[in-house]
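You will see two complexes here that share chain A, one where it goes with chain B and one where it goes with chain C.
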Partner chain A sequence: MTEASVIETSAPAEGVTETLNREAVERAAAQEPTWLAERRAHAWDVYERTPLPSTKLEEWRYTDVRRLLDLDALTPAPRPEAGTGEALLEGLDGLPAGLRAVMAEDREAAGHVAIVDGCVRHVDLSDELARQGIVLTSLARAVQLHPELLEEHLATHAVPPEEGKFQALNAALWADGVFLYVPAGASLDLPVRVSRWLSGGGLAVFSRTLIVAEAGARVSFVDEIVSDDLDAQSLESSVVEVIARDGAQVQYVSLQRLGHRAFYQAAQRTLAGRDATLDTLNVSLGASVARVDLNARLLGPGANSDMLGLYFGDGDQHFDHNTSQDHEAPNAHSDLLYKGALDGHAHAVFRGIIRVHEGAQGTDAYQTNRNLILSEHARADSLPNLEIEADDVRCSHGATVGQLDQETLFYLMSRGIPQQPAERLVVMGFLGEVLSRLPLGGVVDKVTRAIEVKLRHG
Partner chain B sequence: MPQNEVIEGLGLDEYKYGFVDEEQHVFRTRPGLDEEIVRQISAQKEEPEWMLEFRLKALKIYESKPMPTWGGDLSELEDTLDQIYFYVRPSERMGTSWDEVPENIKRTYERLGIPEAEQKVLAGLGAQYESEMVYHSLKEEWEAQGVIFDSIEDGLRKHPELFRKYFATVVPPGDNKFAALNSAVWSGGSFVYIPPGVELDTPLQAYFRVNQERMGQFERTLIIADENSRAHYIEGCTAPVYSTESFHSGVIEIVVLPGAHFRYTTIQNWSNNMYNLVTQRALVHRGAAMEWLDGNLGSKLTMKYPSCYLVGEGAHGSILSIAYAGDGQHQDTGGKVVHAAPNTSSTIVSKSISKGHGRSSYRGLCKVYEGAVNSRSNVECDALLINETSRTDTYPYIEIEEKRASVGHEATVSKVGDEQLFYLMSRGMSEEEAMALIVRGFIEPIAKELPLEYAVELNKLIELEMEGSVG
Partner chain C sequence: MSQSPILKISGLTARVADEDIEILKGVDLELGEGEIHAIMGPNGSGKSTLAKVIAGHPGYEATGGQVLFRGEDVLEMEPDERSQAGIFLAFQYPVEIPGVSIANFLRTALEARLDGDEELDLFDFQDLLLERMEMLDMDPSFAERPVNDGFSGGEKKRNEILQMAVLQPLLAVMDETDSGLDIDALRVVANGVNTLRKEHPEMTVLLITHYQRLLNYIRPDYVHVMVDGRIVRSGGPEVALELEEQGYADWKDKEQEAAAV
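Up next is the complex of A and B:
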């Protein structure tokens, strides 16, 4: 770029507001090491020169951010004061009641993290696990305690700012988040549970999750986000980077149950090494708008990813799941199943792509998206794509959109079950297939209850 | 749909343009395109004023629309468009010599067993005189029933009211950039009208039609199947068609009125220097049925997505698509079904084969509008990969606004199995024969829908194409 053209671009860039601007980035970086401050500044540069996605972009064709999100009305959530990450379990009393209620169901865990408006308020991990060298801490603390790991992995090879407008914004302004490190061969029998709370309207919350599982490590991670209905729009932006080294086994589960008016934006990327297993489950039940980008990269031969998704929309909810399965090594396997039910005026978009790169012989890759339309005004768009540049592959995809199976319904009613409960049963059966493939303790019950609540209100 | 253009395309076409010695044209425009050239084309054809205005409006639309950035690689096309002649009125006799036809094309004709006279037609060297007798007797029979089967120019001249009532109602010039281009400079193509209740057993073949103006690179076809009629139209042929032109952009419009049943078959086998960008679409009314049978074997890049807009209750649309992409070829093809009325149904079946460095992409749309209750649609795509370097893509768009609808899409990708090959070879077949047999089996569901002579030729062609594909 010539100097002249740099000067020409002096008009304010898209998405720069009274509170989301370079000063905010500099404030976020004030106490941080140089490498991180530079990384934030670079991310902000990328943000400024990246236009806000429009529906002209294939990946944003059905989700009009310009109409759905008002960045001008948002203020970044306040940053944590130094040391708050040190609170003990007893300190949970200070947390919002809604968050405490969520956590009360999650006693069985290897460790807990509680987050309010993107800032970590509580962390616990059993001593035994800590002795194995497992690290579970806030990202803010990890910057001080494990700078070399963060410098290597944070917003670099998994989700760099160049990935997109929101990815850049998050990399520039993230306030805090979770860092989980599992050393080679270490193993957690119970999941790590993260519970997030969004406290109100008008906020812009930026948090990140970084999970590194070394060779042969084994860990499950349940990431839940909840809020009440909000009085004004808030943006909850989440970037998740999961790295599974050779032979590691990682499960990442996201449960999104935000309230009305929340705009949820998540960018998740999983990197699976040789013979690693990296499974994900995304459950989208809440928020007015939820956009989830999930990219699974199978980087080592024999890598394996099961990718599950479940969504239930009602009212005027808008869900957009954008997935990709990148087979970059031979003999890897991936299997995606996303199922959703839509009531009211809900609109769901699924766009998924399997890319079999040159040389990825012996690939097995599957992709299925099924939608159930429950009301006159709901809408489902499904775009299951394949791009295949190797010949020795087994690939297939399927997509369906339809209504409740009338025969099943008729059968249930003929057995004396009234129509509405019968319909609820059929919907639960339809969605239950997803949960049965990742039967993580507690998660299935929680999701089932949440769906039942929605079904009864609908 | 927010961005209609992403899927626009439809289309079909083929046609052999001549292999014409430039010195012998009666008339041609200078290279490139502007308003003056459009006026010249219209004046040459002695068209009514409304058509000139239509062309000029379309030219403005063409100029205002950006080059599509999806589908195939069109980056080199802009230069081509500056250099081509947008209108060439060929002389009655094609003036090029047989010697100029490339050897590989001639060889293919010979091996396909095509008679010499026919070979010359395919190479653009002459009209199909051999067929004239057959054609004339058929034509008399059709005329007795009120069927119109004319060149598009004659259609406009002889049936102005019917023509104007339907022309550009199915594919308006604003539909996409290349439909706009075609609307500005169209020349050649067919005009077909099937009167109410008429059922034709013999397919209408564009191949037999002797035009004073041969079909060109901007061919335009308008077909009206009136109520309760039934007919089959065949365009193109399976043997390779040689052309010196590098760009072809046709528009095919079909109106299927209530209760009618229409089938349009096209096999495109342009030589491999051709950009083939075609919009072909049918408007299907109440209780009517439209079938597209679309084969794409030739060209450098084809972008063509035959469409059925099901606008009347109980309408049915069916698209059978077969694509073969050899070295250096990209077939970006598929289909589009739009359900805009209750109780409509549709199926799309797509089969593609990629060989060498060839790439075949399925691109399709299934849209169900709110209110199109009890609509059903099913899409199946199968892709076969012959070599390690072959590529295949699948890009379906499924947009459903109606609760009482049922839509499914499935696609599979596979390579020719070692076990299949081994079995056939253990029965005494050579590897090439075995490969050709497997590929023939793969496309059989489509080949069996073709008239016999086409199916035979297609099979032979596949055999030739599979030579040297193994080992």
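Up next is the complex of A and C:
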């Protein structure tokens, strides 16, 4: 190629491929209302002009997307078939066996959603809850049934495409997802359970979750994603928007148990209104690469967010948790605790920032990240941060990266417990602190079992 | 001692692993089955080190001599194997294990003792645990508390004896279990040990202590004095009373004389 021709050809935008391109966006938008089609087109514009994150960016310093993700090798998963908007429901029998096994482990629920490769295949919600005005449905169907709510909240004030390259890509190409709406004062005693399945390699899956809890509403939401080990890389991209209006109480739990070769990317944002409680738990156990961006915004006075995280990596797993606690109103409280154990050659990154904005007096904000290193090749980087622009605030942050304590191990072994079970006990105890803070029915058992399986195979 | 000793230590020398710090300088000690022995001695003389070497602490290295437990050389065994063979060490400084409840810890320890196809009866276990806690005057809620995490000094010591009572060892080495216990707690713990001995007369006890007080409750058959990594005197219970009167000055003087020669 001559120099002249290089100058003439404008380089194609980064991340535009044979299958991830404007035509794909237009196909997605073909049968959709104008507001949504325009929103997708705008998101694609943002995507094209945003470079792929490089390790020169502080927020991506330890996660080299260019090396870890091969977008050219991916094809978007098929979109929901036209018409599923009406006849959405499928019996559980038609679902993949792996997904059914995951659902069978669960305890009672207020409702279920089953998702395969980003498309909703099953939804159920008790009649009684439906009568109270609670809505649990696929996003594709919500576009038809609740356009005003979606137009207001979807990819607007929670996770707009301007947030970043992946956020833009997801907003342009999302195929389906979950919409949960809880009207003012309504209350769900049991969690809503979402079970997602990724069926194979070579796929790019774009899915969104939108949860709106009106004033005084109460709901918990358990979002689980699972797959077998894959024969080739797949991208699972998930955007989660959670809105808790004044006095609402919402718990969002994400359990990520994807198989080897999955690249998991999640962007979550929680918006907590006056005196609202909006707690999250992120459990990262699977995938080869998992990047989770969680931004908690405390928008109303007296808002409260507990942010819990738990990860356990082995083999060559790479986890990158990037969190922020934005205190934008006075007298709000946030408390973050992320704990992880790392074995094999696993690498975990935690980067967290507390931002106390001007006028957010009386803020209480805490941030703790603790890592337990189990092998000489495992590694953890922990980067806590504070940015305070108000007076009269109580903030603290702390990070530790420690090895398994030899004195502890000897104590356990001196009671007759062999080394490996002794190590398992210490790791479970270390991670268990996180689970004990969010005693949601079934979640603790499920995560405990999943960690035990990993510890045994490690 | 008529029959063959349950623990026979001869010429034991030991140092801090990978360092040139010799702590035990030739320990000889024999414990017969069902006997109670006490070791006393000044701070830093090597009593805890001896206890840890018996239990297999990886931070210490035996450089010479032998430790035979029921005729078997334990220096080659892992700490968990020694425990399963019947050796128990009540720690001078018990370790905190956040997030692991006492019940879970002890259940795991008992399960480790089972053969591959055996299963622990959880109801039996629960009964045993509660009974032992009652014996030691511990609130049942302790069973669900993380091991030693946030425990007071005395609670930690009591928890050591609880573990001993559940695991029922053949040889119990108690390293300063009395320090940190108030007078009432000391009596409760001592009664617990005596009850265990009544149940299992074959249980042998090695008490490490600084004070006669414990020995009023758990009466030793033999008292040994350890100074600078050696047993320098062995005798009956009267040795403890002498020490109470005279302290260790005599021994330290002799040591200095020896060093000066």
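Methods note: the second predicted complex is superposed on the first by the 439 of 458 C-alpha atoms of A that agree within 3 Å, B and C clash if a C-alpha of one lies under 4 Å from a C-alpha of the other, contacts with A are read in each partner's own complex, and residues count from 1 in each chain.
Definition applied: a residue touches a chain if its C-beta (ideal position, glycine included) is under 8 Å from a C-beta of that chain, and two chains touch if they have at least 3 such contacts.
Fair warning: this is a prediction, and the values are worked out from it, not measured in the lab.
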Just chain B (first), just chain C (second), both, or neither: which does A:P418 touch?
second
For A:R27 in the superposed arrangement: first (chain B), second (chain C), both or neither?
neither
In the superposed arrangement, which partner chain does A:R49 touch: chain B (first), chain C (second), both, or neither?
neither
Who does A:D391 touch here: chain B (first), chain C (second), both, or neither?
first
Which chain, chain B or chain C, ends up touching more residues of chain A in the combined arrangement?
B
With the two structures laid over each other on chain A, which partner does A:R456 touch: chain B (first), chain C (second), both, or neither?
neither
A:R66 in the overlay: touching chain B, chain C, both, or neither? Say first, second, both or neither.
neither
Identify the partner contact of A:E433: answer first if only chain B is touched, second if only chain C is, both if each is, neither if none is.
second
In the superposed view, which residues of chain A touch chain B and also chain C?
none
If we count contacts the way the header does, which residues on chain C are in touch with chain A in the complex?
55-59, 78-80, 82-84, 88-89, 91, 94-95, 97-100, 104-106, 108-109, 112-113, 146, 163, 167
State the interface residues of chain A toward chain C in the complex, per the touch definition above.
405-408, 410-419, 421-422, 425-426, 428-433, 436
So in the complex, the part of chain A that touches chain B is made up of which residues?
55-56, 58, 61-62, 64, 358, 361, 371, 373-403
Where on chain B is chain A touching in the complex?
2-3, 6, 70, 368, 370, 383, 385-415
